[in-house]
Amino acid sequence: MNHNGYFSDFGGAFLPEILMATFDELTTAFKNAKADPNFWREYATLMSTYSCRPTPLTLAENLTRHFGGARIYVKREDLNHTGAHKANNVMGQGLLVKRMGKTRVIAETGAGQHGVATATMAARFGFDCTIYMGEVDVERQRPNVFWMEQLGAEVIPVKDGTRILKDAINEAFRDWVSNMDNTHYVLGTACGPHPFPEMVAWFQSIIGQEARAQVLEREGKLPRSIYACVGGGSNAMGIFSGFLDDATVELVGVEAGGRGLDTGAHASRLCSGDAAIGVAQGYKTYFLQDAEGQMKETHSIAAGLDYVGVSPILSHLKETGRARFAVATDREVVEAMRLTIRREGLIPALESAHAFVQAFKDAPNMAPDEVIIINQSGRGDKDIFTVADAFQDPGWREFIIKKAKQYHA
Amino acid sequence: MLEDYLKDRRKEKDILLMTHIVAGYPNWDACFDLVDAMVDAGVDLMELQIPFSEPIADGPVILKANQDALERGVTVARCLEFGREVARRHDIPFLYMTYYNILYRHGVDAFVEDMAVSGIQGAIVPDLPPEEGDDYLRAMTRRGCNPIFIFSPTTPDERLRYLSSFAQGFVYCVARKGVTGMDTRFTEELSTYLARCRQATELPLALGFGVKDKQDVDYLKGKADIAVIGTQTLRLVDTQGVAAVGNFIRGLR
Amino acid sequence: MNHNGYFSDFGGAFLPEILMATFDELTTAFKNAKADPNFWREYATLMSTYSCRPTPLTLAENLTRHFGGARIYVKREDLNHTGAHKANNVMGQGLLVKRMGKTRVIAETGAGQHGVATATMAARFGFDCTIYMGEVDVERQRPNVFWMEQLGAEVIPVKDGTRILKDAINEAFRDWVSNMDNTHYVLGTACGPHPFPEMVAWFQSIIGQEARAQVLEREGKLPRSIYACVGGGSNAMGIFSGFLDDATVELVGVEAGGRGLDTGAHASRLCSGDAAIGVAQGYKTYFLQDAEGQMKETHSIAAGLDYVGVSPILSHLKETGRARFAVATDREVVEAMRLTIRREGLIPALESAHAFVQAFKDAPNMAPDEVIIINQSGRGDKDIFTVADAFQDPGWREFIIKKAKQYHA
Amino acid sequence: MLEDYLKDRRKEKDILLMTHIVAGYPNWDACFDLVDAMVDAGVDLMELQIPFSEPIADGPVILKANQDALERGVTVARCLEFGREVARRHDIPFLYMTYYNILYRHGVDAFVEDMAVSGIQGAIVPDLPPEEGDDYLRAMTRRGCNPIFIFSPTTPDERLRYLSSFAQGFVYCVARKGVTGMDTRFTEELSTYLARCRQATELPLALGFGVKDKQDVDYLKGKADIAVIGTQTLRLVDTQGVAAVGNFIRGLR
């Protein structure tokens, strides 16, 4: 990173003037925290007593045998409290909020995962909490809305724009510019204005630090490749961080190919011609936008990948060639998920399953003494409504119809 | 020069009025009528907002207008044509207001070039602080267009001075935290803030966010040079139609 | 335990002759495994690489403050893979099955939790898998059925008897007596004929071993009391095991009080007059039965506690006075769950919430330097259908009704 | 003595028949009719099953009969009355078949006392192996009732001998793995198993689980002493009514 949070030509802080002071405060708080070894210690302790860190590195023996190539390891972020890597970022920001003396947090959420994580953190730290969520996502992710509300958060459905993640982010910013005195905006991924990308990546780097130590202990050597799905890019940056300086380790980010790159119904910012560099939501990166700079609609089976922008740090890693990027279509994702459930008893989130798709494509072409790691960013049982639909399960449909009848009576 | 124009006009009037419209909203004909009516009612300068899909600093009313315009197919090219046309028709200054991505995707130089050729005198780009604005500032200076910067109540004195070192034409003072279209309380606090702004720059001060009636405008006299009427006219258009706007403006001062 | 798996006068092996040889084989395999230090090491390694052991011991600071008494710790079995302590037992038995060279597993399930855990284990070990589940439970726990099926298990709804857990157990035995050559019955709790109670308690003792070490490290002393909910008794035995020899540590088991002990609609075997000693499902313990020995219907808001029998080891601990038993009503459970979610960001399973109820009753009467541990046996997000109903959430109802409409179209 | 009675009867017949009913199913009248019809058709002894809510060793047909009887209010007390009555009316031996909890809750001594007083000659308790049966065995011996034990194809020779050391009256050989009411294949394997059983005890051998027609019964001649007809008559009652049972039994031998 150079001045002002740039990575290559990506990043920056394109902020309304009203937020400048707030970002200065945040940047300072973050810098101090980063410089203070006690802070990371406090963070690591919190994550090991409240969540389940270090999360395990699981050898997927059956999948390894099935593909007959590289030894496949899975980093188990699904075992975090609240079920995804989102907890890492959120608890870290929670500690910062405490340091800054603020009493209220707000967040955007797409899949609902980051919303649940933030609401959980707020309950734990005793903060007030408001979650912005696109109306479309509120509808497809009701279970998460239910838990956020139980956790004491106010969930506000965003009815503007495309009514999904990006619109929730805009709305959260609108709240923030009104309430920054007591409020911190817990951005959920390694996007947004500086220092968010760097800060979120830093909290998430706990994944990569652990994974590196674990794979060295288990295999006595570094992996050949690391796979992570890429929504905003926080889980990818989290695991990549541990291996950035290991030049031999290939970093592979997998975006949502949706119904296929040629259909336009996808969320691939780094692999498709539908994206271009631009500036929105306070930062500069690849966005899915039209020639005039208006953001496009995106599509993914995984709500958490359904986003127009991408971490500027990942754009930078693409630019420099340090990371490779690929896409996985909805259909491939469902297949990879099925296989992983059946063979290993692991239920990756639909988001995470994108990483499995590319790993499964590559593994057979690798030697049996090579090692790869897939970051299982979250667990899939939160996605039951989507997964049951994707799998077209008739028993599930019947159950829901019956349940609805009970409610009518 | 915009600054001179404004200072001259201020000699004649207690306070100047700047109004705002979203280009293409509710439709092009109405926009032309709106500009005619506003100029006719004596506004001193106007913001033409080029719609953007992510208007992060705007509140619900302007946000909705942005989206509505885009849904009906308003393009940047058409907005620039519109700017050229109204600048040709009327002799008050016009400014573009939009988000940086619109300039960036168009090409900053080309955008500014178009402004200059069209006689648009300046631009307000709320998500482009000077730190990120090298290209923009260079182009604006080269073509003699005025980059309007924004002061906010949370901006420390030092930064007010820093901002004013880049600002030209006038400075846009945001009345309060929040987005456009919310209520502002016109109180002592506001005038202290405006005094701070005044300390920081020689440029005329415009005050925006929440100015909605004659009482607000009167309050600003002697404290600011320009009252910005944004959301309130849009609301009027939405509820009473374009025809109501002229009288509303005439009643403000 | 004395000969033949008796604890006081509870336990034993009341088996059809056809199963005798199978139990001999199992008892021998278990004995050998227990005597072989490598086995436990293999087990602990599996649990730390596939699940997330050791699970954290979380200090519930906010609840501690709220009640103003003992320091409240929560043992986080909810962070296990598949979301409950059931994973411990199941993975342990999986290793035994491998040792015995069998290729198929069967299990009963009530809440579905044990079924999902078994199906997961079977996927991981490559075993065939059949799960028996009472028809009533199939209906109220559909999400778990869906996942079991995705994991490759055949789920057989049991339409006999009261169509809940006990009937599923009977049906599993019926399968077993037909297929014991290649099949192991993975009993889900510390009940059933010897050696199951001892064996399941042994695998679950990993909870107590960890908890004891953790609390000593954190507090430098033993806790005053340990709280666990009691269905069959496996999570209770699991955590109690770590403290059995510490005479000062009070062990508290909490049963399902359902709609109240006086209504008959409950599942309290150790605290209610509706239970008596008897023999069923292959072992001797307290059962909810009528004067002639016919088993009664049971009720609990928590499917996992909705069972007529109870671990013979717990009956023994009651008999000897080593453990204290209490009940929590459905209503109290919902309140305790709400409070825990709101204050700590923890979502206990409805089963686990029973333990919280009694802990919350006792904590205010203890001194601030005393320490208690609640075993959070599982996570509650699996229970969303039940919890949303218990909380009477209108948003959830609307969502389900809308969803059902989609399926009709 | 039951053993002597059976051995005597075997001198007259190639093979004896034992039938089974669930007490109170489908109703009490039918039960009396069933017993009459069976005795009349020449069965040599009968099992009266006292229903239990958890009949773990029984298959779907008998399980359903147990549940049905319980749902219609059949009590243990009424079953014991029924046993007393049929034993009074007919001079073939009757046995109780039930699960241990029924005895345990009633009181094992009281239960056996009732059996003895009623002239019930023995009992089959499939979930009570001798290891768990001290009280039961003591009571049965004291009152001269026959504890019937079960051999299974999975039972090793040594254990067959161990079981036969407790058995009285006859031994019930289960034809195969599984529960009642499944198909059994009457093959070489079965006769090897029966030969193993024969080696282990002097007592008559009954073979049960899956005997369903004359062919099966014929196959057993010379290999076992008693053919047990369990589920098959229940099925007949369910589908064709009580009246069909007499002819069915007469056709078996």
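Each chain carries a letter (A, B, C and D) given by its place in the written order, and its residues are counted from 1.
We adopt the following convention: contacts are C-beta pairs under 8 Å (C-beta built on N, C-alpha and C of every residue); 3 or more make two chains touch, one makes a residue touch a chain.
Remember, predicted model here, so these are calculated numbers, not experimental data.
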| item | value |
| --- | --- |
| Chain whose mean Cα position lies farthest from chain B | D |
| Distance from chain C to chain A - Cα centre to Cα centre, in angstrom | 33 |
| Chain A-chain B separation of Cα centroids, rounded to whole Å | 37 |
| Interchain centroid distance [CA atoms averaged], chain B/chain C, Å | 66 |
| Averaged-CA centre spacing for the pair chain D and chain B, given as whole angstrom | 98 |
| Where chain B touches two or more other chains at once, by residue number | none |
| Chain-level touch network, classified as line, ring, star, complete or other | line |
| Chain-chain contacts as defined at top | A-B, A-C, C-D |
| Residues of chain B that touch chain A when the two form their complex | 52-57, 59-60, 63-64, 67, 70, 75-77, 99-102, 104-106, 126-129, 131-132, 149-156, 159, 163, 174, 177-179, 182 |
| Chain C to chain A touching residues, read off their complex | 48-52, 55-59, 62, 76, 79, 81, 83, 119-124, 126, 139, 142-143, 145-147, 149-152, 338, 341-345, 347, 381-382, 384-385, 387-388, 391, 393, 395-397, 399-405, 407-408 |
| Complex contacts: residues of chain A adjacent to chain B | 4, 12-22, 160-161, 166, 170, 173-174, 177-181, 276, 278-282, 287, 289, 291-295 |
